[in-house]
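Dropping the structures in below, format is structure tokens.
Both complexes below contain chain A, partnered by chain B and then by chain C.
What follows is the complex of A and B.
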């Protein structure tokens, strides 16, 4: 009877398992294999070169530059999502037409295509003819060159990414705020807590699950960032993913590119695990 | 009773399924009569369908889908046994080279394609060698060979240099420079007159490399046309004094004589700066004439080559782009026929050359309606010596896979103020990596 059950279970699991095997495990295994070769991505032959690709990564200046840009993008966007996001969620966590309109307005950019958003902002941030600089010069100030240096470009693009995805993270926080019972605020008020004390001692601890989800998502999205950089600054700055794609298709270095992608994959897993470990300590139950 | 009915229904269903698997019979239930050999042959000829070849085109604002369709349709009209289906990169900002690599990796490499960087594909064995006798219509088949074999039928020649605003030059009493020093003095005069000397943009990643490459052609290839071969053989380096000197000139021009905020300026905006008179010069290839005809045909434009320290007697030419055939095509004969048609159908080829006021590569001169600037350039370069454009050196002298991309980025970095020496050291390092990556 038990054997039959096991067989039945296995049959039910099989389709999902096969899909996982073909679409998840096989590509990762292939990526690992290619990272040990000098395959150019188009030839039928290649040479197995062991760990040479991995040892090359950390002395590759373009990769290290792309890591720097990725860190700027990840930190800037994560800080914006998780500070302004909480504040905006707290402001909009009320019922009413005006609030609902504001919630929709904040969420709207999240439904736009990153490519469209990137193009729009690329035009808006132009020094000569961009609407932002039109306004700045109209009020008597000098124009801002948003693309003056590589760091400036990284921060400009980070701002655009944050603008585009801000609504999504705010919505997660609004949803998390809804799970906090009103009774706790009422008790806090009776105990004499003001708005800031209520926020610090009631809202923030009970918002921790939302913060965990949002910080993991924001850091993961930041580390994987590709489209905004590719459209807004296609040849001036790079994130790790842009660098990997370039190595694969421009340099014909599919093997090396695979090693970059694997390093990114492992980094994301490790960082996410650390985040979960830290955030678990702050979670409270009522 | 239910069981019997179910069994019957199942049998009927199974029989129905197998009914389609038998041999076909004639209407009266007898076997069809055996056909004799002759009838079969006639039917085969009748049923022979035209073969289809895929042609990957390089679409630009000028060379549109409709434009490329003309050659395919004309070819099929003249060769009804071959249908040509055109494909193009899905977006204008995707480089043809990258698109073709994706198609090759996906097993969808086209039969015939526009090819500008054969160096990326020849080592992978993706292209069909084309013997000289298969392209008797080409004027010069000696250039662009890899180990003595040609893989591209060059379909156009373009020249590069500085386009300038004649009105600004006349108003400021400026003459075309004869040496690099003249060029710098000219830029100083323009700057003193509060005119941006050179229009430049880094956003698209390629316009800036045209200037760097033209300087390298003027400085390096005029002295040693085999510089590329020497570099690939390890006889010279990118940190050699002559290379460093050329790149320092590029750094000087971009740092001191170009518009501000270059990093945010695209090719289109560069043209806008030039065609609206905000910048006096624009270093570019002769395809800019096509843009001029399209956006501002009445604009008074002049042209001069990038001068070296000694003179301005050399003209950099692009001869890297043309048509290639896949090594794995099922229809090599039809593909060669299509390529020959492309190059010898005078009506089409003239139309093609006219788009960007190109120079033909065929033995037979092909006439088309030329703009006054095109005529002026033709006259001006007649006494000059042709050198290859450095970035697009061809055949065994071509940059190794990936080095063009590195050069693009390096020229962006230098224009944004990064140290030339450091960038060139990295260029040598990248060269070594590219070389080791070719080991199979």
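What follows is the complex of A and C.
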């Protein structure tokens, strides 16, 4: 009887498990193996060179530059989502038609493809004929070149990414705000707390689980960023993933690019764990 | 006085929301204008309304076949993920105190942490080995492998909330495990399936990097990689660029307008839990 049950369970598990093994586990294992070789991805011969790829990474100028861009993107977007996002959520966390309209409007860009958003914003930010500069010159100021330097590009693209995903994070914050019981605000009011004091002493501490989720998500998304940079700034600025993909497929450095994505993967895991550790300290019970 | 203040606040919020959507407004109005009119007055409503851009974009970017490809890839991937993940999750959720199942659960959960790029680079080699590179089954299996973890995670959490008494009634009736699962359990998983379908469906439809390298540059492009390369050939003809952009987003925007609540809760639930 028990044997038969186990066998039945196995038929439920096997199809998914095999797909996972072949299309997820094997590639990851291969990635680990490639990172220890000097394989170009094409030829049939390669040498195992140990950890030499990893030691090369940290003196590789183009990689380090991509790290800088990735950090700019991650920090800029994360700060926007988790400050303006909370404020917007607090403003919109009411019932009514006007509020629903605003919620839907803010969320709308989050359903669009990054490729679509990038093209629209490539037009918006043009120096000559772009909408933003059109408006700026109309009020009598000089046009801004959003693509003047590598840093400028990194910040411009960060702004675009933030525009696209802002509604997503705000919606998560609105959902988190709904979990805070109204009585807490009532009793805070009775104690004579003003709006800002209520926010500081009631909202913020009870919002911590939402903040944990959103900060971790925003940092992981930032570190993995590929599409927006690839479409808006082709061949000028690279994030770590753009750098790795280009190495793998355009420069035939399979081994080396495998070690880059592994370093990225480990960084994401470590940073997320640190964030969880820090945020745990702020969480309160009520 | 207080009521007035609230109305002032509402007014400003609506104004800000509209400003927030100016880029989308620009894309829409400029997609029905002639090129010269875009240059002259980019924010004005169209003076000489034209659908010529859409016609040109549709023919030159071959939008019809792009829609078809994306639709096939997205729907079959979703079917596969829903089918595999719910079945996999069922015994895991029902044997939560068994060490073997716990190990299996954690083993598959690990896949959620891995960025798609880490999987993509070696996947090109495994798919080539399996003769699946540049094919639809290739990208469909890639999505199934990559997103199985999230699917299993969501389904496992959901099945745990379903009382076991439901299955017990089936066992008394003498139904076997497959009938119990598909007749009794699976219909109850509808909210979870909706989350999985909306969340992953949108990701797969909008995805850019994997289809670019797995499907290659020749044929069988998806809507995103298709308009990306089409726009590359007429970069500054903004009227056609906007027509492409609108055509690529139209199916998802229409779905969103009909199911706003499901989108907002599905996407956020999927991401929070995932």
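Quick note on the criterion: the second predicted complex is superposed on the first by the 262 of 286 C-alpha atoms of A that agree within 3 Å, B and C clash if a C-alpha of one lies under 4 Å from a C-alpha of the other, contacts with A are read in each partner's own complex, and residues count from 1 in each chain.
Assume a contact is a pair of C-beta atoms (placed from the backbone, for glycine too) under 8 Å apart; a residue touches a chain by one contact, two chains touch by 3 or more.
Note that the coordinates shown come from a computational prediction; the quantities given were computed from them, not determined experimentally.
In the superposition on chain A, no contact is made by A:141 with either chain B or chain C.
When the two complexes are overlaid on their common chain A, residue A:47 makes contact with chain B while staying clear of chain C.
Of the two partner chains, chain C is the only one that A:102 touches; chain B does not reach it.
In the superposition on chain A, contact of A:236 is made with chain B only, not with chain C. In the superposed model, A:175 makes contact with chain C only, not with chain B. Once the two complexes are laid over each other on the shared chain, residue contacts for A:8 go to chain C alone; chain B is not touched. In the superposition on chain A, A:127 makes contact with chain B only, not with chain C.
Touch criterion not met for A:274: it reaches neither chain B nor chain C. Chain A is touched at more residues by one of its partners, and among chain B and chain C that partner is C. Of the two partner chains, chain C is the only one that A:19 touches; chain B does not reach it. In the superposition on the C-alpha atoms of chain A, the part of chain A touched by chain B in one complex and by chain C in the other spans residues 41, 249.
Across the complex, chain B is touched by residues 38, 40-47, 56, 61-62, 125-128, 145-150, 153, 233-236, 246-247, 249-253, 255-256 of chain A. Contact residues on chain A toward chain C in their complex (touch as defined above): 8-9, 12-13, 15-17, 19-20, 22-28, 30-31, 34, 41, 91-92, 96, 98-99, 101-116, 119-121, 123-124, 129, 131, 134, 163, 168, 171-172, 175, 213, 217, 223-224, 226-227, 230-231, 241, 244-245, 248-249, 254, 257-258, 261-262, 264-265, 268-269, 272.
Within the complex, the chain B residues that touch chain A are 93, 97-98, 101-102, 104-105, 120-121, 123-126, 202-206, 260-261, 263-265, 269, 401-402, 404-406, 408-409, 412, 416-417, 426, 433-434, 436-440. If you check the complex, the residues on chain C that touch chain A are 9-10, 13-14, 16-18, 20-24, 26-27, 39, 42-43, 80, 83-85, 87-88, 90-92, 95, 104, 108, 111, 113-126, 130, 141-142, 144-146, 148-149, 152, 176-177, 181, 202, 205-206, 208-209, 213, 223-224, 227-228, 231, 238, 241-242, 244-245, 248-249, 252-253, 256, 260, 263-265, 267-268, 271-272.
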